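Letters A, B, C and D mark the chains in the order given here, with residues in each chain numbered from 1 onward.
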Amino acid sequence: MTAAADLPRDGAELRGEALHARLSRTWDTPGDLYARLATVDHKIVGQRYIVTAFAFLLLGGVLALIMRTQLATPDSGLISADRYNQIFSMHGTTMMFLFAVPMGEAMAIYLIPLMLGTRNISFPRLNAFSYWVYLAGGIMIWVAFLLNVGPETGWFSYVPLAGPEYSAGKRTDFWAQMITFTEVSALATSVSLIASILKQRAPGMAIGRMPLFAWAMLVTSLMVVFAMPAVMLASSFLIADRLVGTQFYNPTEGGDALLWQHLFWFFGHPEVYIIFIPGLGFVSQITETFCRRPVFAYPVMVLAMVSIGLLAFGLWVHHMFATGLPRVGYSFYTAASMMIALPSGLQIFCWIATMWLGRPRFDAPLLWVLAFIVTFVMGGLTGVMVASVPLDLQLHDTYFIVAHFHYVLIGGMVFPLLGAITYWFPKITGRLMHEPLGKATVALGFVGFHTAFFPMHVTGILGMPRRVYTYPAGMGWDTLNLVSSIGAFLFAAAILLFVLNILWSLRRGRPAGPDPWAAPTLEWATSSPPAPYNFPHIPVVTGHAPLWDEPGDLPVMTGLRVDDRELLLTTVMDADPEGREASALPSIWPLIAAIATTILFIGSIFTPWAVVWGAIPAAAALIAWFWPKSGDVPPEPVIE
Amino acid sequence: MRRRAALTALPLGGCAGIQSAADGAGRHAAIVGDLFTLFLWITGFFFLLVLLFLGWAILRRRSDGTAERGMAVTLAGWAGLITLGLFALTIASFFTDRWLAAASAGREPPLRLKVTAQQWWWQIEYLDPLPANRLRTANVIHLPAGRPVEISLAAEDVIHSFWVPNLAGKQDLIPGRTTDIQLLPTRVGRFRGQCAEFCGLQHAHMALDIIVEPAKDFAAWRTKALAPAPAPQTPQQKADYAYFMTHQCASCHAISGTPAQGTIGPDLTGVAGRLSLAAGTLPNNRAMLQGWIANPQTIKPGSRMPTIKMSGAELEAVTAYLETLS
Amino acid sequence: MMRGWRFTGDAAPLPTHAFGTASLTWWGVVGFMLIEGTGFALAIASYFFLMAQEKQWPSGALPPDLLWGTIATVVMLLSELPNIWLKRMAEAERIGPVRAGLVIVALFGVALLVIRGFEFAHLNIGWDRNAYASILWALLLLHTVHLLTDFVDTVVLAALMFTPHGLEGRRFVDTSENALYWHFVVLSWLVIYAIIYWVPRLG
Amino acid sequence: MVPTRIDAHRMALAEASGFRPQPDRRIDWFESNAYEIGQGQQLYDQFNCSTCHANGGGDIGPALMDSAWTYGGRIDQIAASIRDGRPNGMPAFRDTLTEQQIWQIAGYVRSMSGNVARDAASSRGDTMANTEPLTRIRQEPVTVAGRVDRSATR
């Protein structure tokens, strides 16, 4: 055992280039395939997550274009009923489970450790495992879809339609198993994010000084922890009904179709806030940087985010107003659904106040925020409309609702996401995106979006129900649907423009340097792209906006080992330094465990025995993943 | 009618379709339409405020040291305004609920119906204490104007949703549960309802026709519908009748007063008099009827109506016989 | 240009492992306990939701036999004694008692898994008979999965403590947190035991 | 090759229903396509087969889930039984069901004894049925008058 004193540490005696070389050797991920598959660097896993989730956005978008082409004209025979049902089910499933939730988490995996001033996410191997399971789930459902075994009962799969009698074959089984994949990965990442945000903040970054994006991800991760089990339980019951003949949803044997709806929407509504709250985090960071002042009324913003997170669990029944439950119960859910408009309204006020008080610079990210504000407020207001029971009984399951949720999901999450990618692209790649092209993308995106989705409000009021593969002519829906379809292609063009901008900027974007936007948060204190170890020394925070509060040299804390991967742990409330924790070394076992889990999950679609026999290799992989390798760096003496 | 005109004057202008929530041909739909107008004005007002504040924040001249205190007070004011607005909307919604519940108060006793939804068509039963007055039909509801209607809803297979936007809001039909819906048609006319809960392959073709007519027309229609189907006279009619009764048609469909008593498919009593065929999919004329019988799977792929191998003459016989059932 | 650094603190003297909320893995274990606790709560809510639909509960069968369920509860509570002792020994970082404690808890795990086999055999109804049977089997299976996973964890940890790796501070933290998770398994069982065995009898 | 009575019968069948089958393509189709078997399950309920056969356990009519078949257990033989009826009680459904419906019900009947593709049968119907889930039952060999009919077991 080497004595604690003479272990190499960063500090006065080891700094600058020597420190960089020494730390790089400890933290770097070599280029060979094995190292790339075994990496646990949050930046590499984060980039993979972002690229994969964005790819699913594009795939889901293509499905949307096919749907709009089919619906552009009445009585269109372009696509058969069965094909259209699979396409709209896959569009919903891909966008909700494979793009929206994972993308919020992907950006957090990349950004949170950098924003908090630490070297890696808290459970790096669990995080790598989460990505592999997510990728496997996405590939499984898309391969099933291309083999004509895609889901056919919508992204919500109401029983008894999704039950064993009315949805024969393996289609709904693949959908239900895909839920298991994406929920396992979302839960794993959330636990990592919660631990990172609570325990690995830079010294001095008290809970009240955290960046708003960190608050957004803390609230989102806690919501994932309490919401996802509901859909895992519901989908497990559904798979059991379909494969081993349990009777959870069989109305004639004591089961109940509404058990599925209650469990699904208890997850479903928090899910849409799990998708939307990271968007709030993006908007707050962009507004702060481009208005050159901290967001107005920080405590109000935080309280609003937390109250949205809590309220989201109390209003799932507003998805079930038409199912004939007792009316007095409904008025409670109307009030709860209305109340959630208050915190959102206050946040909108605070962002605009930040622009009012600050000196806004209207680059592309801030333009996306403006597009977000205009679109999201309209979406929120239509949401207030459908919170009222009588109105919802007319508008539920019509195209009015399709318009509403695209306003709050595309407006509320995709616009801020595109702004966030433009904002953090220089930090991730070291090059700025093309600014004029960025502005053009915002304009085209905004116009395309509203051309596509505003007419749907009117189509819905005119009585067009959702999820119809065609509609008769002469109902007053014809021109409205045509306009929506044109708008959909315009919006797709904007997304294409965005992708081209990214591809062009990767090679020929202007070099960005560490802090191109003069931003306040810690990730802009290190190089672009950041070194494998993020920060040579752990920064110390003295205020809300670390880089603005310390114009000169940045205060830092030294003393972390450089020969082994080590992080600094701080207390939950005040972030006082509390301990040093060894960060997990790269390992191939998370990938192998993910493969074993995938085989178990897919096998269990065909035989329940796969759960029993598949559990053995999965357990073996997990044990090998946990078992310390003898070749590790010498541990510190046991009793200090 | 004054308020109705106010509603249609809104940007929703040309909204008086036969399947439109903004038309308000039923008392319930009219009340909800007014609530929608109130919501539209209040939410529009708030949206305008946000746009003004945003525009001002973008265009204003930057002057340093502007008071943050003023902004904090404005924030408090904004919070109060939102709370007030939400409170008003919640109260309006709550009272609308009460008006809807009491919409049929003080009127003649409601007409009782039972609607059973199946994969992709509607079975309609007019309930009556006297068994002789009970009437079963499919995909069409005749209603007397001005008389309340009480419909009990049930589903045979999966979840459907009964929705006639011109008359009232929707209500799901759930297997294993019975739900109900109240209507009060006020304006005579022809309306269209459609299933609003995704229910499988042919969810898009699961509509029904609602015909609101004066009370005496309704009574005339009802007595004619209750009468058994006219017996065949001419030898040709007898041959058509014989073919229909001895082949697959009779095992799924029912025609009152004939040996055809199948309850798997829609009731065909008086099918010739209906406005549309195959749950609102096709207009009801001889060519469409023949095309539908010949090959239903091309019109409604996945429909439970199978493709029956028939020669031209047999097809002609079935079509001719059904044409007599008006 | 890259900013300069100003040294204001040294982290070298800080400990490399700690118990309770100071440990990172503690938050991980608590996170997973929250997830599984929510899963249990929702399964129990489904049980009562289905019960409310039925006129006769349990429908179509006698309630599960009390014998094996009660034995499981007693053994579960008994297992808490070595478990609490193990947690205290782990936090005192005494390798001898920790090794013994882990083996004892692992043996309790074996006994409980065997008893659980008998419990499954005495539920008096097959899972495919009706909704009551399905949710009954679901609750018992859900708890058994957690019992099994924590048993495997305990065995792996016990094996680890007999190797030189066992002497590292972090392993004591892992043992302490595994004992915490065992508390969760026992607590959740008490709730499920009351529901599966007593609600049908009292309801 | 002189067409045997069965082949002639099968050709007539093909003509009647407009299928252009090779000799056994339809047999494989209706024993492995989940949609067809699902439709057969719903038709089994709607046309009240359970009145005589219960949910496969047998009542007035013979059991359908065991291995004993009086008139042949191959799917085309079952279809023939449904179409033409059988002595002492089995009515002919020639004019009540279409050819496809007859084969769909025959496919579902085969699934009751586990003689369909493993992943084609759905576990249960949304009806009251005191039978084992169709995905968990053993495959019963088809025996006609005591002798196992090789051609009928998948």
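Methods note: a residue touches a chain if its C-beta (ideal position, glycine included) is under 8 Å from a C-beta of that chain, and two chains touch if they have at least 3 such contacts.
Given the structure is predicted, the values throughout are model-derived calculations rather than measurements.
Novice: More C-beta pairs touching across which pair, B-D or C-D?
Specialist: The comparison resolves to B-D.
Novice: How many Å are there between the centre of subunit A and the centre of subunit B, using C-alpha atoms for each centre?
Specialist: Using C-alpha averages as centres, the distance is 39 Å.
Novice: Rounded to a whole Å, what is the gap between the Cα centroids of subunit C and subunit D?
Specialist: Chain centroid spacing, subunit C to subunit D, equals 49 Å.
Novice: What is the distance in Å between the mean C-alpha positions of subunit B and subunit C?
Specialist: 53
Novice: What parts of subunit B, by residue number, touch at least two of the other chains?
Specialist: Counting only residues that touch two or more other chains, subunit B contributes 157, 175.
Novice: Two-or-more-chain contact residues of subunit A, please, as numbers and ranges.
Specialist: Answer for subunit A, listing residues that touch two or more other chains: 160, 165-166, 241, 244-245, 247, 250-253, 255-256.
Novice: Quick check on subunit D: which residues sit in contact with 2+ other chains?
Specialist: Answer for subunit D, listing residues that touch two or more other chains: 42, 123-124, 126, 132-133, 136.
Novice: Please list each pair of chains that are touching.
Specialist: The complete list of chain pairs in contact reads A-B, A-C, A-D, B-D, C-D.
Novice: Can you list the residues on subunit C that touch subunit A in the complex?
Specialist: Residues in contact with subunit A: 1-18, 21-24, 27-28, 31-32, 34-36, 38-39, 42-43, 46, 49-50, 53-54, 59, 93, 127-135, 137-138, 152, 156, 160, 165, 167-170.
Novice: Contact residues on subunit A for subunit D in the complex?
Specialist: 160, 163-166, 168-170, 241-245, 247, 250-253, 606-607
Novice: Which subunit B residues qualify as touching subunit D in the complex?
Specialist: Going through subunit B, the ones touching subunit D are 157, 175, 246-248, 251, 264, 306-309.
Novice: Contact residues on subunit D for subunit B in the complex?
Specialist: Touching subunit B: residues 16-18, 42, 46-47, 95-101, 126 of subunit D.
Novice: Within their complex, state which residues of subunit A touch subunit B.
Specialist: Against subunit B, the touching part of subunit A is residues 80-82, 85, 153-154, 158, 160-161, 165-166, 251-252, 255-258, 296-297, 300, 322-324, 327, 330-331, 334-335, 338-339, 341-342, 345-346, 348-350, 352-353, 355-357, 359-360, 362, 370, 373-374, 377-378, 381-382, 384-385, 387-398, 458, 461-463, 465-472, 475-476.
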